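Here subunit A shows up in two complexes: once beside subunit B, once beside subunit C.
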Partner chain A sequence: MNATLTPQAGLKAGLQAGLKLEGLQKRFGELHAVRDLDLEIQQGEFFTLLGPSGCGKTTLLRIIAGFELPDAGRVHLGGVDLTGKAANLRPVNTVFQSYALFPHLSVFENVAFGLRSKRVPGEQLKPRVNRVIEMLRLENYATRHPHQLSGGQKQRVAMARALVCEPLLLLLDEPMSALDAKLRHEVQLELRALQKRLGTTFVLVTHDQEEALTVSDRICVLEGGRVQQIGSPEEVYARPRNRFVAEFLGAANLIPAHGNGKSVHTPLGTLELAHSSGWSEGLLALRAEGVVLCPIPPAINGVRCRILERIYRGTHLEVHLEVLGGVNGATAPDFTPKARTAPFPRLERGQEVWAQLPPEALVALEGDRA
Partner chain B sequence: MTALKKTPSNTAPSRFVVWYGELTTSGKLGRRGWLFALPGVLWLLLFLILPGLAVVAVSFAERGQYGDIQWNFTLENYSRAAGNGIFGWSADTLLALARSLWTAGLTTVLSILLAFPLAFFIASRPEKSRYLWLTLVIVPFWTNLVIRAYAWMLLLSPESPITRAASSLGLVEAGAALYPSDFAIAVGMLSTFLPFVVLPLYSSVERLDWSQVEAAQDLYGRGIRVFMHGILPQVLPGLTVAVILTFVPAMGMFVIPDLLGGGKFLLVGNLIQQQFGSSRDWPYGAALSLVLVLLTLVGLHYYRKYGKGVELV
Partner chain C sequence: MKRAHPLTTTFALSALAFLYLPLLAVVVFSFNSAKFGFNWEGFTLEWYQKLFKNEQILELTQNTLFLALVSTAIATVLGTALALGLERYPWGRRMRASLETALYLPVVTPDIILAAALVVIFGILQTVSSVFQPGMLTMIIGHVTFQIAFVALVVQSRLAGLGRELEEAAYDLYSSYPDLLRRVLLPLLAPGIAAGAMLAFTLSLHGFIISLFTAGPSSQTLPLFIYASVKRGISPEIHALSSLMLLATLVLVLGSERLSRRKA
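And then the complex of A and B:
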């Protein structure tokens, strides 16, 4: 490795990508936490690792931070190999899940910790710390100790403590899991605004799909230590690549189908697709809000249904349907689709309606039809 | 509040409380609390506080001709403790005190240095084998202190493998014994007090929040800085217990220095033991004991002060 080349210099030259992970492997005994993982994160983007607990997202974050050594693979930042470097030698800082503030230090000293480690002289340190403390609206708490702060304030101290070091990469390990629901949404918006203002690369780990959709530029869905899909929130949500992504991001209806092309055979009859399925046998995903309920037979992909259940959710109505007859009079299968509509007072239990499964809302999933 | 019966003005107002499903008042509960505490309080009163006061009283009395206690008020015992004797002032008593402080302090510091890696080692074992390791730490306590001291005499005698190994390495002259010596005292003291440091330290280390250690590393801390901010504040409660459990008894220790030091150096513990034993000078012994208690308290006070400093810096 070229000893003089630092990640900072690599990025400044504009020659190198942000963070590059190559062929990462990590095992803990029987558990294969990370498998053959390749990932590229652009400088300045808000990137989210999304997945259920045990999917390897936290392990991945710890490998990037330098707390775990991968069994195989490389971690590059700005073109410089960081794989074997200790955490304290990486221009990367972490916001811990439990915040891990130093209980014996004041808010000011907590924030100043990184700069003091780097022996930044006092006259430079103070304004830098104060600037970040102001940015995160902590001016009134600078002399307090962590046990005198609320959850939201602690979280901001943890952010300030990491950001004051001006890292090339800020890692956030489920930083909002300890906050209550209302505060969490506020903090998500703040976090996003902060990231846009600073232009620092943020890598967030979360299991909360709504959070991921709210804050991210790109989302990486992980499962079993493998990347399932990477894309913008819209891509990942609207065009899930496989069954896992579809289900994890809340797709309500999975329809088994066979037939290659834009027209596939399903238990609901022959359905038209907007894009070619790309397989001869597989699954179609359809979100609840993709189903269109109408009183008259629709021109395409119409299924006659009876309303089994009507659940009022305030912002929307959740409707469970029983299929009476499939497309073109196909026999009614054992399948209860779920739909989601605007609160619509005329829908009652037992009522018969037509459900349209619009071609553009039907997504053909990769992988086997389990 | 008007519904409540007015309580006499000299007691705190009593509030209604529900205690395990029973409606009662805080005053009644408080009195019941005293009732439960009474046996313990009586015990302490009879066997700690009263004898303690007796020691204070005796320390101001005179020694009779035949080692009895003459109840004439005098400060002579304290004057002797400060070094004034029949033959003028000598530094012997003060030296004994200083040596005790030094020995106890050294024992505490060395025990902590040895116990830290041991506590981390045990805490990092799989849960099942931790208790085995902890038991091994306690095992020496199954034998009496004096017997252990004699065992060390044998182990450190000229013919023992340890001594031979030491002399073949050139650490001691061939044929010489490792005991009696300062080294033998250190070995004896450490083996006696190590468990008192390991156990409380282990209980702190076991609960260590490692994310704070990682946070210190993440924020570019290295070595000592990670220890000072990531580990020390978290283990300080255990460390305080360890220091008290080691330093206090080590200050009064006389068996180990006597047996393994060959009685060459007088510690204040030896001095006190002599007064209550062969010299039959209880008033002087009592005064020395109180001076020791005072010194120990002062030592602990400074430890707490320093400890608070670590907590708050």
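And then the complex of A and C:
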């Protein structure tokens, strides 16, 4: 395998193992799956491509893996141009969505598959395979076949099979989607710990925002084959750049506003912002948990409301509000803010409360208007 | 379970009887000690014994098996390659549809037409080389031509059921194509390939019309012999021979069926 770059060789040569995508384009007939996409992923980063189905995230992953050829653009990994290279010549391994374990091979042989392709001699192969099998707690299943494993075990075999090859980059295509909710959360935490321990660059594809927030160092939100926002989980969650990101990450309230500066006009009255809006007309995003409910009028951005609906969710209370009067006595608009509080027993349907829209929780979204 | 109306059952059983009674009659008469006619005169294994002592028949059996084995081996390799090409090459939608039709056509084409075509082709080729004189080679070629489609169809259906993700996984794990064939595709397709081969073997074993048109004087097979003998009058030995061929077919078909049903 002289044509491939092993991690050791790459690092010895002092190369950056980071992934760099430049001007990627991919069309499938009418569908423009990936457009003008530029992206840089650092070595050792847990990077997540987040978006709804059809946003281009899987196509992007397949281009990185070498299963699809981009129509234009380049893929660099560790300073080497991989664009035209076949999948079997890339120092990149994939954990497939359905795991794609070889049904006719035992767990051991599944894990050993990549090393056998590379003609690693037996005396080196066995300890390497066993080490990874132990790392993923599969030692009791090594002789079993995939059909004798549970979903979680299959997922670990798929991880082991990819990791034993010591790739420069591990691609994960919705690897948790076949697991039930409880197991999924466990696996997410394990995955993150594993990535931190190995220091391998992970690129995860998912449509699950909670999963993305839990595991990632950075998240790239994709839609329509374009990057919408790249940032840490905190940045993407708390400071969505545009309407798509705000809605996809569950911002419940979008408030149309106009006025450039720290004080903007909305149907709820004039609201104070923490940062200048940067436009003369646009949208403000406000998460449900950003709304503060209080019995007395707050000093700033206070709106008088009545509780329309009170939904008990166990960990929190979801409250739908009817606005009775805007900030500083502005007339009541046709707008139903949603709030989320600790399960606070004193809130009842029909009760009147004050809702504060704290300036630091109001995010001015870029570019588009309701 | 819901019970069927008695008439339905009657019809089903009559249809089965219609299919199997003539075959059953042949088997029964192969054990009949009467030399002529259809009267039951007692059980005997005489005809089977005579059959196994008949050197001509042993030679014919050799020819038949040789033809079936060689043609099946060739057809299995070609048919599997054809299935892989048809199923995995990124054909356009229209091209794929016409290729699939092209694959079905030999299956539904009457043997006699294929046989006549072969006679014409071999007639032309004989002017080029004398190896195309009617004989074992032309028979093998003839049998391979109709076997390929059957092997390809069986293997293709298994390949379609396999999905592409395993191949992508193998590539992702640094496999080359020969590696992928040897370590993933062939082991997983093996039951399909074996089923296709058994089907092809069965078809060759009693491929009569193609043999009739392509055989030479020294390459006679059992079906051709049975045909010639029956014209001279039916003997109990022929019944015994037919029964044995029936048994061989039954075993092969059941085997093929079991293999093609096996899960991937």
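We adopt the following convention: the second predicted complex is superposed on the first by the 353 of 370 C-alpha atoms of A that agree within 3 Å, B and C clash if a C-alpha of one lies under 4 Å from a C-alpha of the other, contacts with A are read in each partner's own complex, and residues count from 1 in each chain.
Quick note on the criterion: a contact is a pair of C-beta atoms (placed from the backbone, for glycine too) under 8 Å apart; a residue touches a chain by one contact, two chains touch by 3 or more.
None of the values given here were measured: they were computed from a predicted structure.
Novice: With the two complexes overlaid on their shared chain, look at subunit A and say whether subunit B and subunit C clash or fit.
Specialist: clash
Novice: Does the superposition put A:Leu347 against subunit B (first), subunit C (second), both, or neither?
Specialist: Touch partners of A:Leu347: none, neither subunit B nor subunit C.
Novice: According to the stated criteria, A:Ala238 is in contact with first (subunit B), second (subunit C), both, or neither; which is it?
Specialist: neither
Novice: One more residue to check, A:Leu183. First (subunit B), second (subunit C), both or neither?
Specialist: So A:Leu183 meets neither subunit B nor subunit C here.
Novice: Which partner chains sit in contact with A:Phe113 here, subunit B, subunit C, both or neither? Use first/second/both/neither.
Specialist: both
Novice: Quick check on the superposed pair: does A:Ala87 touch subunit B, subunit C, both, or neither? Answer first, second, both or neither.
Specialist: Both subunit B and subunit C are touched by A:Ala87.
Novice: Which partner does A:Leu254 contact after superposing on A: first (subunit B), second (subunit C), both, neither?
Specialist: After superposing on A, A:Leu254 lies clear of both subunit B and subunit C.
Novice: Does any part of subunit A touch subunit B in one structure and subunit C in the other, and if so which residues?
Specialist: The answer is residues 65-67, 86-88, 92-94, 96, 98, 100-104, 113-114, 117-118, 161-162, 165 of subunit A.
Novice: Of all residues in subunit B, which touch subunit A in the complex?
Specialist: 209, 211-212, 214-222, 225, 229-230, 233, 310-313
Novice: For subunit C, which residues are in contact with subunit A within the complex?
Specialist: Touching subunit A from subunit C are residues 165-166, 168-176, 179, 183-184, 187-188, 264.
Novice: So in the complex, the part of subunit A that touches subunit B is made up of which residues?
Specialist: Counting only subunit A, the residues touching subunit B are 65-67, 86-88, 92-94, 96-98, 100-105, 113-114, 117-118, 161-162, 165.
Novice: Name, in rising order, each residue of subunit A that touches subunit C in their complex.
Specialist: Per the touch definition, subunit A meets subunit C at residues 1, 4, 65-67, 86-89, 92-94, 96, 98, 100-104, 113-114, 116-118, 161-162, 165.
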